[in-house]
């Protein structure tokens, strides 16, 4: 066994990344909805600085940074660890959450005169809840600590889905909650088995101790099933479209862009960091196959949706499918696994920014047109060029056309699938791209006609600028330099196991 | 002396267990809710009282003995209240049988 | 067979029972009960693990027991949130249907607000 | 087979039987009552597993407070029409197969856990002296894994916000619905008057002894919560308006004090959430005292539900 792990330089940043939004929640709760808005937006620059500092520190050190909470090393204590992927995800969350927050100021303001608003109180506290939960998900090294993070994520996300207070949003939120609770309790069950077998829930220690015994197989299956339900991977996706499509636009942006990525990230942690020592038992192919089914199924349903927000929500189901190609294409010790891994992570980022941008744009459309029925979009692009530019750029990334983050992701995944001889996944990537082109055409074609359309209100300039910025980031990811992929390699588990045992 | 005490403990606890058993049988066999309730509260009070009485010589310290008695008193209080409440509810036919 | 092994089997059985009820029962409140059954089954597995961790003079491993205490409190909070949603949904719509297309159907039919 | 083995097996059979009955019961109310009984039986199982701390938590929160919540919900939902169509036979069979599979896999995994079992008990004991505590479970919760516990208290705050958030906009800042009928039974009022003061003493005592013996902030707080619930059910007091400043402070006091002590850690002990040597126990009891308060307030408010009256009515 290796020597007990201790705090590295810069490790304290990881605790701060979690405690900042946690303290924000408590202060907001005590001070009311107006202060909650100020705290949520005011702490965003600090969170961004922390995320950038973590990134710089990981890059400088060239290896993961660590903090042992309470000065106790695992197994008795909890260790926080950030590698390249953690740092990048932390940064993405520190950008998308405040972007949605700035966009939401118009809809979630507190009433003038010192009163408190239910919607504002809920929204601004839950937004910080999501920041806190995601920060833990990205940096925690302990499976039970991660369970608490999953619950934090659930308790923050579900009320956001029904903050509008209509009957159908309560039904959607209730369904979402039941799926999420099922997911976390099965995750916890797996954690119980792993602790029973190896006496620790620390990811690094488990990776050292893991052996192929029944408890490990059972734990892997149970935890994966739970996490898939939370990620809404086909066929456990039923809850997602009503929950995401009926939430207010800035909430949808965070739910679809980031929250589902939290449980996906944990699935990756489980398979790549905890279980890489486990002999292949076909799980990676199953996950890839489910992902492929999600791509086709989600895209086909997206093609049939009458409302823009529902279409965008079904597209999330399809895009989540691509993420799971990381399991067959990014695991093991092959020449192509780096491509598969980088492609998977790039897809997480590109979809996060593109989907957040598209939901915000859909919200602007809804505000200006008074509806989001695609059939009645004709001529809308002329009236709202910026909004449709945002939708178009986001769509570019979803389809995987160059230049965009989506293209970079799919190109890398395609390269990996061809290099590995797993041509089947390449087929999925191409079919998925074509279907995405189909549903993007459905949105854009009528809008680009020259019909006259009357707007209820002109789109908010600030809202348009925020949405467009996110879409531009999704496109700009396609120009990520080589050093970006070197960053993703820091702490990549396949590289660690390649070293001496 | 100690033998007598042990014997006393054993007898009291056994009697208490008997009343619990009788109460449980009554709960399962009696025809209607009111008579079940009646049997249950009687058995509970006596049963727990006897068990506590039997445990007192074995409590070890006066404080522990006091705790046992407080325990019994608390159960008396709550079971009497609950019996009242259930009885009242039954009169109103509010609780499904 | 020791008490702890029995607890492990009871836990396994409870998870199965709860899972069946969660899938089959259409009533949300019954689904919530089912979730709580699964939860207590999971906690019993932790309990078995804690009891198995008895070494020397120690009768149990305190770490899994502490996790169960945290878990019970979180499960209660989850139940409270679910109940609040159910009651509000019942007030709003007069029934508590969870039908996956329910939300979208309602929204499409009504004039947009 | 010894007597204890036979009793354990009988207990196991009863627990599983009551659980199955809870699921099968047609009437929602019966199912909920079955669930409460089930929770109490489970507490006995926990005692048999040498987990008195968990047994106390299960009996008070898992069975008691959850029971109040579910009974109230089931009476309010009783007269609603059955929502969705009952599932077809195919789904039932598939669900049954899946459940049997999960149970089988789980039981196998449990049976073949490696021997000798892994344990952190000696490790936890070695660090116990530094905390000044005698109860290792409390040490795990408030010292070794205090980070988890603090975050879990934040989860509770979010749960309160979530429950409140389903209120209609016009009731925001108002009071939750009363917990009992307008004219409560005299017996209940009597019970509340007698029991509440005793219960508060017991709750505080349970937190205090939790440092060395079974008990602690969660269990003590749960008993305080139960007392407040009984007093509200007897209509001796009403749920407070959710806009009240002191209420909000009481709700966050536990996690807030915990977080502040955690942040002071680097200056006191060289690490976030560390406790200074020699001063650990008083600091831990200080944090726990606020946790008791927070839990004692949070649980009743989660039971009371969202505000449903305008403020001041």
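Which chain is which? They are A, B, C and D, in the order written, and residues in each are numbered from 1.
FYI, a residue touches a chain if its C-beta (ideal position, glycine included) is under 8 Å from a C-beta of that chain, and two chains touch if they have at least 3 such contacts.
What you see is a predicted model, and the numbers here were worked out from it, not measured in a lab.
J.: Which chains share more C-beta contacts than any other pair?
T.: Pair with the most C-beta pairs in contact: C-D.
J.: Could you tell me the distance, in whole angstrom, between the mean C-alpha positions of subunit C and subunit D?
T.: 13
J.: For subunit A versus subunit D, what separation do you get between their C-alpha means, in angstrom?
T.: Going by mean C-alpha positions, subunit A sits 31 Å from subunit D.
J.: Cα centroid separation between subunit A and subunit B, in whole Å?
T.: Measuring from centre to centre gives 56 Å for this pair.
J.: Using mean C-alpha positions as chain centres, tell me how far subunit B is from subunit D in Å, no decimals.
T.: Taking the average C-alpha coordinate of subunit B and of subunit D, the gap between them is 27 Å.
J.: Name the residues of subunit C that each touch 2 or more other chains.
T.: In subunit C, residues 15, 28, 32, 45, 48-49, 52-53, 61, 63, 67, 70, 74-75, 77-78, 81, 85-86, 88, 96-99 touch at least two other chains, as defined above.
J.: Of all the residues in subunit D, which ones touch at least 2 other chains?
T.: 102, 106, 110, 113, 117-120, 124, 144-145, 148, 152, 155, 159, 162, 166-167
J.: Chain pairs in touch?
T.: After working through each pair, the chains in contact turn out to be A-C, A-D, B-D, C-D.
J.: Spell out the part of subunit C that touches subunit D in their complex, as residue ranges.
T.: 1, 3-21, 23-30, 32-34, 36-37, 40, 43-45, 47-56, 58-63, 65-70, 72-81, 83-88, 90, 94-99
J.: Please name which positions on subunit B make contact with subunit D in the complex.
T.: Of all residues in subunit B, those touching subunit D are 70, 74, 77-78, 80-81, 84-85, 88, 95-96.
J.: Going by the contact rule set out above, which residues of subunit A touch subunit D in the complex?
T.: The touching residues are 7, 12, 15, 18-19, 22-23, 25-26, 29-30, 67-72, 75-78, 115-119, 121-122, 125-126, 129, 132, 136, 144-145, 148-149, 151-152, 155-156, 158-159, 162-163, 165, 170, 189, 193, 195-200, 211, 213-215, 217-219, 221-222.
J.: Along subunit C, where are the residues that touch subunit A in the complex?
T.: Contacts found on subunit C: 15, 22, 28, 31-32, 35, 38-39, 41-42, 45-46, 48-49, 52-53, 61, 63-64, 67, 70-71, 74-75, 77-78, 81-82, 85-86, 88-89, 92-93, 96-104, 106-108, 112.
J.: Sort out for me which residues of subunit A touch subunit C in the complex.
T.: For this pair, the touching residues of subunit A are 76, 144, 148, 151, 154-155, 158-159, 162, 166-175, 177-178, 181-182, 185-186, 188-189, 192-193, 195-196, 199, 238-239, 241-242, 245-246, 306-307, 310, 370-371, 373.
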